[in-house]
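Next, two complexes with chain A in common: one pairs it with chain B, the other with chain C.
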Partner chain A sequence: MIKALPIAALCLLPLGAAAGVPEVIARDILPGTAGFAEATQALSEASDRDCTMPAMAAPYGAAFDAWLAIAHLRFGPLEEAGRDRAIAFWPDAKGFTPRMLTGLIADQDPVVATPEGFAEVSVAARGLFALERMLYDPQFAYGPDSYGCALTRAISHDLARMAGAIDTEWRDSQAGLMRDAGAPGNTAYLSPDEAARQLYTALLSGLEFNADGRLGRPLGSFDDPRPERAEARRSERSRRNLVLSLQALHGLARDLAGADIPLTDAAFESAIARAEALEDPSFADAADPSGRLKIEIVQQRVQAVRRAVEGEIGPILGVGAGFNSADGD
Partner chain B sequence: MTTSRRAFMASLAASLAVPRLSWADAGSPAYLAAAREPDGGYALFGLSATGQDLFRVPLPGRGHAGAAHPDRPEAVAFARRPGTFGLVIDCVSGQVDKVLQSPPGRHFMGHGTFLAGGDILVTPENEYETPSGVLGLWSRRQGYRRIGEIPTHGIGPHEVLQISENVLVVANGGIRTHPAQGRDKLNLPTMRPSLAYVDLDGRLLDQVVLAPELHHNSIRHLSLGQGGQVAFAMQWEGDVMESVPLLGLHRLGQGAPLLAQADLAEQLAMKGYAGSVAFSGDGRRVAITSPRGGRLHVFDAAGGFLESHRRGDICGLARAPGGFFATDGQGGVWQAGRGGFVPQAGADRNWDNHVVAL
Partner chain C sequence: MIRRLTAAATLGALAAVPAQAQDKTEVLGTYADIALAAYGDSLSTATRLQDAVSALIAQPSAETLEAAKAAWLAARVPYQQTEAFRFGNPIVDDWEGKVNAWPLDEGLIDYVDPSYGGQSDENRYAVLNVIATPSFTLSGQQVDAAQITPALLSDTLQEADSVEANVATGYHAIEFLLWGQDLNGTAPGAGNRPWTDYAAGEACTHGNCDRRGAYLAAASALLVSDLEWMTAQWQGDGAARTALLDNPDAGIIAMLTGMGSLSYGEQAGERMKLGVLLNDPEEEHDCFSDNTHNSHFYDGLGIRNVYLGRYVGVDGTVTSGPALSDLVAAADPQVDAALRGQLDATMARLTELKVAAEGGLSYDMMLARGNDRGEALIMNAVDALVTQTRGIERAVAALNLEQIGFEGSDSLDNPNAVFE
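The block that comes next holds the complex of A and B.
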């Protein structure tokens, strides 16, 4: 039977943001964006004082730590102008980062002289992974008054600029848009549950990135393990990045659910404990059988977290996987 | 078995001679789109140019895309791949007038289109034992009797469009599937997608085959622009963390296609997946959607990247007078044009992958 429907505009009532959204913003996101802005500002200032590797190592590590608290929030301010890729260009499947850096250095490209100029450089030559190459890859070693030093400063300043913009945009607009999801005139979130759905999607995508990216890329296949693909292996941060990411995702899961989530808690605790127990900080042992087995076990635990989240938090929020993104044809 | 052009023209003349109901009787919808409703059921909707519901017809299961008759208020809704039925729906009464059944050893691919002013329906089909791609031809005037078929010259044909009286263009996705294994992809290491131009006698007039390093880029969806320009959207079966082009532009006889990409960060954000493609109403721009990346990317007709709009699970895409009309899996309906990216309507339902413009 055909049914005539009244012609109605947005017939969605502004019920206020669904479960957990204000809590996630207050407890997880805004402290995270502030922390990343502060840590990259410190990195930027450190590079001005002394751009060489020994002086930069600690502020670099602190900035990367701070990034992992928010790296999974790949929407809104993080996605603006491609910032998430410019901050963390990984994985670099085609080796763009060393190629672009080599080109800049060979040309002594003056684009490093101004923030506006450097902001237009390819995302592959910016951010934490470009900086890691400069600091930890011997082929890019540089001295205090070199082009490499100027490039390192430009990358550091650019990171601080992007982090500051992310923090400001979260406070000035994104947080309000999400709290007022479904309100009249809110074109970012058309209905109250869209904000919660976006955070839920970010949670699942973050888990997937850990399982398929941080763990899956160095694992490769049994016949073709690829330890050289481990994330941030040069700075020996592969394991640390995984653990910090899982901890941040656990915080997001708890605050988003706003209820007891015993299965999810147990799954996170198990995955984090197994990850912390991995012996090699840069997953170089992905190629030997016993090391590989332990990494695979962590990967399975992370996949178990995903299933726990889908079974426990999905129903609380009343959301499932994306209707089209999960189907695909 | 093939059908002669003379038979086409004769049936076209016959169909034009009989005045019957028109789309005006169904509220003059500008678009058709299927959706899942809050109760878990599915329905086909007729939408106005601004996304308002004009009619609703329940469907027995999840659809994919449909074919809209050019004049009559009649739509053919195809089951989601690997479905074997298509429903011919009277959009005025809401009745299913006819159920099309794919021949043994075949299934539909979720798409179809009308030819010859609406007298012939053409359906891409997977002949899965061979495997090969087939276009089924059905005569509407003869109660949707199957009157012939022609080869697609490739595997896994997904969408077909008519570009001139005697010429069709087919997206051969290149991926072998077999219904006994659901939607499992059986030949990824050797897949070889193509864009094939065939005439109605089944002859291959021209084809686009991608460079070897892009052989994992499944050519799936099509849109027709000005002067026979064809846009094709691709789905990457390689490493999703690589940046590859997802939009191609081509004309019959052109030679190599033009492959279009956004800047590196935006291209990576598409996650190797374009779900729909459409030219703008004026044919001067072309867009693709990625529900996985939550992106609508707009290019000029020469392949230059113009802009990106962000919206989770966005997929359905069609032309609009000032640009593009899009739908998403969260119930949103959007216009992208000179006024930016603007929500038109929202409803508590999940819009399915495609929108069909009338």
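The block that comes next holds the complex of A and C.
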């Protein structure tokens, strides 16, 4: 592609395109996939020892924390077999998760007995949000020797299985494909630009998900605020998820750019500080005017991060964003 | 809404190859001609559907109901091919929800099976059943629905209470009124609404047959008028055509944005992969009629039409001309050849899906938990769509259209804008 460009155009191309890809893989992604694999393994083991909520709360929180370090990498191993959806099925606009869980429990569905069987279950009844319902929604309260206990274990084991596969696939193949983008025989990434574009798209999509999803859904409209739509509100993780996601995206941005990005740094710091200062951990105050205003300000700051990234990191990399999986409607 | 703008905004701005401006205008002309032809075919087939619906209401019978269903199926063929004009053209995006919104909480419109459930956290009006309810309160306002009119559907019921699943108009509302709910789960069979749901007097089943007929007539009339409006936008001086030709580089980006967004986020993701992952038979695009395989097939064909600059109309008229493919080939023949191959591969996979569905393995059966062969048919098509999306991104790069996303950005021109 570059060969075909006239000299004049070449001069306009920024230097060091895609230089940050190996750094992102080494500093952000591989530690992230390893951390998620470890945290879900610990969750899985905890569920075997004691499946009830008091014993599960801490390892559940740690697993969710670890997920947020990599949740925005919705391509390759996360996209494979729909793992991103199976790990974090949200938003759930049609209420699939409670409906599917209710169905499994009502039928005492034996599908929870084997990992292979449970891997076939609807993504709505798997992953972190199904587990949140089991642990934090009184409707699904269960005792130690119940079907609910077996279901909770199955969800935990399934998370550990998927997280292990993601970590392995990143280490064994995805990392190499992206580092060797453009090498002969690499059909996934035909040029270094394509690997950089993939990460740049993930960065922008992650910001968009925070602005439109994590913040936009509970905000609803001024006349019709919808705090009940806040992500992970039952475990009161809405604010925490937002902050952890922004921190992970900031790390990705810095390593991907591989250069000073003062505008982007300032925008991230401002957004994260505002997010941390939100009073209600589950955004329940999205419905009252002062709480709402503060959430809207965070949303504007996240949108400002996006503009900073496009203005500052886009030119460094010399790529535009590709299509992302949220491009539909 | 914001999500839709993303691809266009970030892919876009100006290309740096002014010598091709004339070619681009010609390519955009072909694109707009195809839109005009395909929306025109959508209009003519919707008019036939409206006639068939009128006949059903005038003379309810098994035969007139079947004729209306056949007209609906025929109307979907050209319409689905227009979906590739979404995502890149704001005028289409602002309008599209009136005619093809999906998924819907059909209990808003008519009676539903108890298994459907009641009102939900997300939708207070999921079981409103306007056909059985001549007067009700909606978001605090008293609504007089004694007369079911096109205006009631479009101005009051559509997206009632700001809930997208409250779909009162368009193809899928009509589909529900013709087929009814598909209560077969992942077993064979589509919706099985009896023709007597439209019968007069004692023969009427499920009550309010006159109001049901009025609803169906109103929805059909709206579909026709909405398609008339959109067809006009693609005429010689229509707003959709003019907007494209005013800025040829942005127009080319609109073409590629529509192709990529429909391929990946919408069709491969929302419509196909999610259904497999959820194992839910309701998660199919045409869930009442079991026509989902055709919706996917003609969506795929519409994407290919845009790239190859060729559309075959419902009466056999061929619309063709200078194509996006020609532009890409001039910039990088390998990228063009690869993308054409990927588009063909997608059509091959979608054909396999269609063949199996028409042979008896309907789309909802493919979605059943543990149906590995069904899942493979769907996921092979998903993978092909994802692969072609990478090809579309390469075409964007080959045309040198992507360097620009940041050039007009606020933050370069005015660093303080970032902190507004």
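We adopt the following convention: the second predicted complex is superposed on the first by the 303 of 329 C-alpha atoms of A that agree within 3 Å, B and C clash if a C-alpha of one lies under 4 Å from a C-alpha of the other, contacts with A are read in each partner's own complex, and residues count from 1 in each chain.
We take it that a contact is a pair of C-beta atoms (placed from the backbone, for glycine too) under 8 Å apart; a residue touches a chain by one contact, two chains touch by 3 or more.
These numbers come from a predicted model, not from an experiment.
Peer 1: Check the residue A:A124 against both partner chains and state whether it touches chain B (first), chain C (second), both, or neither.
Peer 2: Both partners, chain B and chain C.
Peer 1: Touch check for A:R307: first (chain B), second (chain C), both, or neither?
Peer 2: Once the two structures are laid over each other on A, A:R307 reaches chain C alone.
Peer 1: Using the superposition on chain A described above, determine whether A:D109 touches chain B (first), chain C (second), both, or neither.
Peer 2: neither
Peer 1: Please determine whether it is chain B or chain C that touches the greater number of chain A residues.
Peer 2: C
Peer 1: Mind working out whether A:E231 is in touch with chain B, chain C, both or neither, as first, second, both or neither?
Peer 2: Neither partner.
Peer 1: Touching A:S325 in the superposition: chain B (first), chain C (second), both, neither?
Peer 2: In the superposed model, A:S325 contacts both chain B and chain C.
Peer 1: Where on chain A do the contacts with chain B and the contacts with chain C coincide?
Peer 2: Common to the two interfaces on chain A: residues 1, 4-5, 9, 12, 82, 85-86, 93-94, 96, 122-124, 190, 194, 197, 322-325, 327-329.
Peer 1: In the complex, go through chain A and note every residue touching chain C.
Peer 2: That would be residues 1, 4-5, 9, 12, 82, 85-86, 93-96, 99, 120-124, 190, 193-194, 197, 204, 208, 211-212, 216, 220-221, 224, 228-229, 263, 266-267, 270, 300, 304, 307-308, 310-312, 314-315, 318-329 of chain A.
Peer 1: Please name which positions on chain C make contact with chain A in the complex.
Peer 2: 2-4, 6-7, 10-11, 16, 87, 93, 103, 117, 120-122, 139, 161-162, 164-165, 260-267, 269-271, 273-274, 276-280, 331-332, 369-370, 389-390, 392-394, 396-398, 400-406, 409-412, 415, 417-420
Peer 1: Applying the document's contact rule, which stretches of chain A touch chain B when the two form their complex?
Peer 2: Contact set of chain A toward chain B: 1-5, 7-12, 75, 79, 82, 84-86, 91, 93-94, 96, 122-124, 187, 190-191, 194, 197-198, 201, 213, 217, 322-325, 327-329.
Peer 1: Mind listing the chain B positions that touch chain A in their complex?
Peer 2: 36, 48, 52-58, 64, 80-81, 91-94, 110, 158, 183, 220, 235, 239, 241-243, 263-266, 268-269, 273, 275, 291-292, 294, 310, 312-315, 328-332, 342-343, 345-348, 350-353
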